[in-house]
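Just passing along the structure, written as structure tokens.
The chains carry the letters A, B, C, D, E, F, G, H, I and J, assigned in the order they are written, with residues numbered from 1 in each.
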Amino acid sequence: MEFLVRAENRLPVDTPDEERARLKKAERSRADELRAVGALKRLWRVPGRNATIGLYETADATELHDALASLPMFPWMDITVEAVATHPQEQ
Amino acid sequence: MEFLVRAENRLPVDTPDEERARLKKAERSRADELRAVGALKRLWRVPGRNATIGLYETADATELHDALASLPMFPWMDITVEAVATHPQEQ
Amino acid sequence: MEFLVRAENRLPVDTPDEERARLKKAERSRADELRAVGALKRLWRVPGRNATIGLYETADATELHDALASLPMFPWMDITVEAVATHPQEQ
Amino acid sequence: MEFLVRAENRLPVDTPDEERARLKKAERSRADELRAVGALKRLWRVPGRNATIGLYETADATELHDALASLPMFPWMDITVEAVATHPQEQ
Amino acid sequence: MEFLVRAENRLPVDTPDEERARLKKAERSRADELRAVGALKRLWRVPGRNATIGLYETADATELHDALASLPMFPWMDITVEAVATHPQEQ
Amino acid sequence: MEFLVRAENRLPVDTPDEERARLKKAERSRADELRAVGALKRLWRVPGRNATIGLYETADATELHDALASLPMFPWMDITVEAVATHPQEQ
Amino acid sequence: MEFLVRAENRLPVDTPDEERARLKKAERSRADELRAVGALKRLWRVPGRNATIGLYETADATELHDALASLPMFPWMDITVEAVATHPQEQ
Amino acid sequence: MEFLVRAENRLPVDTPDEERARLKKAERSRADELRAVGALKRLWRVPGRNATIGLYETADATELHDALASLPMFPWMDITVEAVATHPQEQ
Amino acid sequence: MEFLVRAENRLPVDTPDEERARLKKAERSRADELRAVGALKRLWRVPGRNATIGLYETADATELHDALASLPMFPWMDITVEAVATHPQEQ
Amino acid sequence: MEFLVRAENRLPVDTPDEERARLKKAERSRADELRAVGALKRLWRVPGRNATIGLYETADATELHDALASLPMFPWMDITVEAVATHPQEQ
């Protein structure tokens, strides 16, 4: 099923550049894997914020949590999840 | 997967008693069916309100919506759904 | 550009069935047109609610407003729009 | 009586791994004890968050507070409690 | 156990005076009974509003709900309940 | 007049135990004095939180502020005050 | 003591002009009386709204409630009261 | 000085078309006058809503209120006003 | 024109006493100057909080900002401003 | 298209004066460039706050994000963006 996932990244402003770069690269790499397995279907940036909205598809909320928790930035992310149902127009 | 479902019943105060009784009985009957198929696992009353919190288990959010929309009181209910994941302590 | 559009449908509960059916059919028809021109890309149902979340793509907010206002249910809808930016991972 | 208890864990991100592991193990152990005495009946994870929703059953709010305060992670948890009543369908 | 109960009375402004008087008298009478059995311990008025805050003591949330639902004004009241624990200073 | 006072205690988690104990003891001592003069009439614990709800009676909001500011924990407390009126049922 | 009182006037838009005029005149008259006795000290209009902010001075919240409830528009007003203390700079 | 003014139009859905058209035309006409005298400087539509955000410039909040209250749709509008200051970059 | 200004003082709890005393004295001194020129007309304390509500009168929001920013405590204050209009009863 | 952009500047109070001055100057310089290319059309100060409201015009939300992220103060800013549509009165 699909979920809309809003994630605010609270990585401290004073994080050293190299650590930030390392995390960003690892985040991108893990996100690519999640895309490859079909868990992450779309990702938008919230304009003006270090935040994203993602469209995920996983078997259930437990699998979704595991996917999100596998992201290297997870410890600094403030995430809210909204379960969405298929609309009759798309069935 | 499991969902916590909060439902405020907005049936107007001036609904005729017999209509109210008919709806209540039909609601109970449909809820019993949802329990029988395992969709509705627990139901609590929010004290002081014409509102409930239910623990549902369905395949996904689409099946959950269909279950909720099948309740006779659905047109008057203000419902919010929260998808919950299995906690490692219970796996 | 893309927009996430949340729409709560406030059509009164006591709307006559035939009027409701007529509106629903017209809504579906207009939505199909918006899909055909690429304005409406995805539509989800918010589980438990007479509400949807849509992913729209229009030239700008003005064109988006015109698309939304063209929906037959528009007078009864409570809509909030969120502009989303393309994420670097998808560029 | 039963309570729904939402707990956000605010343990700082930079907590040393061993301290984190020690706390987690102690938390699990105390939670097991609360389950054994029937105080903790269910526990869900809020997907995407270091947060849980628990179903507790204690004599009253005072006993509930004592149960929650006995958890090793308590000093870092932001907890909100909702008292729930038995629904007539389950009486 | 004790509960703090906030109740907003939404009785419509255009309720006929005699109906309003009848309800008010019946409300007072039922409240007196709840005081007599120790369920209602204190009642304050929220200044400027047709609203009250009550301190109730009942066995649990289910008994509290029954007490509140027995009030003649209940169908028009918007009630929120907060379970409170005994403070160590008062044990 | 009476006031309902909600106080969240934000004393940092890493406050040394002896400092915490000293403050707690001093808080209890000052609270006892406020009870002795009739300023503090009841105190409840908010279950699951390092927070209280107090029923105070002082001449006015200025005297209430002085009472609250005299508590040793005051610098760490996030307090909200609600003025309550006497209900006709209790006059 | 002093109170800041925010009042939103919810008189229905379709109230007949003469009834509206009568209420407005009566409201003004009662407000003048409250000023004369020193209960109403200042009154501001919230720009763009049928709403006011008033500075009242009464013995306590009970007397304040009686003053507010004596206003002819009271049944249609949504009022929130904030008790304010004297600032040391003004003592 | 300048104000940002958000206005939600709550004109009922079932307002007769001719009355709606009459109001709309009168609103446009009065808005043109407010533009002519420099009170209304910009007007945006909130996409998806029967709502606007306006940039007004008037001597003060009292004059602003008079301008807004002169709009024919005013009785149905839910308006919030935000006073804005000149930024040093524009002085 | 007049403004109601709510200011929460977020000066850290661990600010050294002498620095706190110095700031407080300077704040009082600057406030006296603002009173002398008629910018600050009234000041209330929010009971239970290190917060105030002030009634200011300045030419416009820009002058108000300059007045507030001239207060020595300004860097630690969380301020919200509400523009108020003259009520017809006071014109 | 146009956007209203609210930006709260969370630069820590204890930022060294020279660093603050350097950032402020760089911010001003970059803002001038954004004005020169027509991205930043107006800027207001929120009175009493280290915050601004800006009127931006960019091709879309992605270009807007790039403009905002190019500001030297961006890492400390808490920004919310609202897409606005052209009002028929201005077309």
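Convention: contacts are C-beta pairs under 8 Å (C-beta built on N, C-alpha and C of every residue); 3 or more make two chains touch, one makes a residue touch a chain.
No experiment lies behind these values; they were computed from the predicted model shown.
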| Going only between touching chains, how few steps reach chain C from chain B? | 1
| message | Show me the overlap between the contact partners of chain D and those of chain H. | response | none
| request: For the pairs H-J and D-F, output the one whose chains share more C-beta pairs in contact. | output: H-J
| note | Rounded to the nearest Å, the gap between Cα centres of chain A and chain D is 26
| query | Rounded to the nearest whole Å, what is the centre-to-centre distance of chain D and chain G, using the mean of the C-alpha atoms as each centre? | reply | 46
| remark: Averaging C-alpha coordinates per chain, one finds the centres of chain C and chain F separated by a number of Å equal to 50
| task | Return the residues of chain E touching two or more other chains; collapse runs of consecutive numbers into ranges. | result | 2-3, 45-47, 61-62, 64-65, 81, 83-86
| Which chains touch, pair by pair? | A-B, A-C, A-D, A-J, B-C, B-D, B-E, C-H, C-J, D-E, D-F, E-F, E-G, F-G, F-I, G-H, G-I, H-I, H-J, I-J
| remark: The answer for chain J against chain C in the complex is residues 1-3, 59-62, 64-65, 81-86
| note | So, in the complex, the side of chain A touching chain J is made of residues 13, 45-49
| said: If we count contacts the way the header does, which residues on chain I are in touch with chain G in the complex? | reply: 2, 4, 28, 31-32, 42-47, 52-53, 82-90
| note | In the complex, the residues of chain D that touch chain F are 3, 5, 7, 61-62, 64-65, 68, 75-81
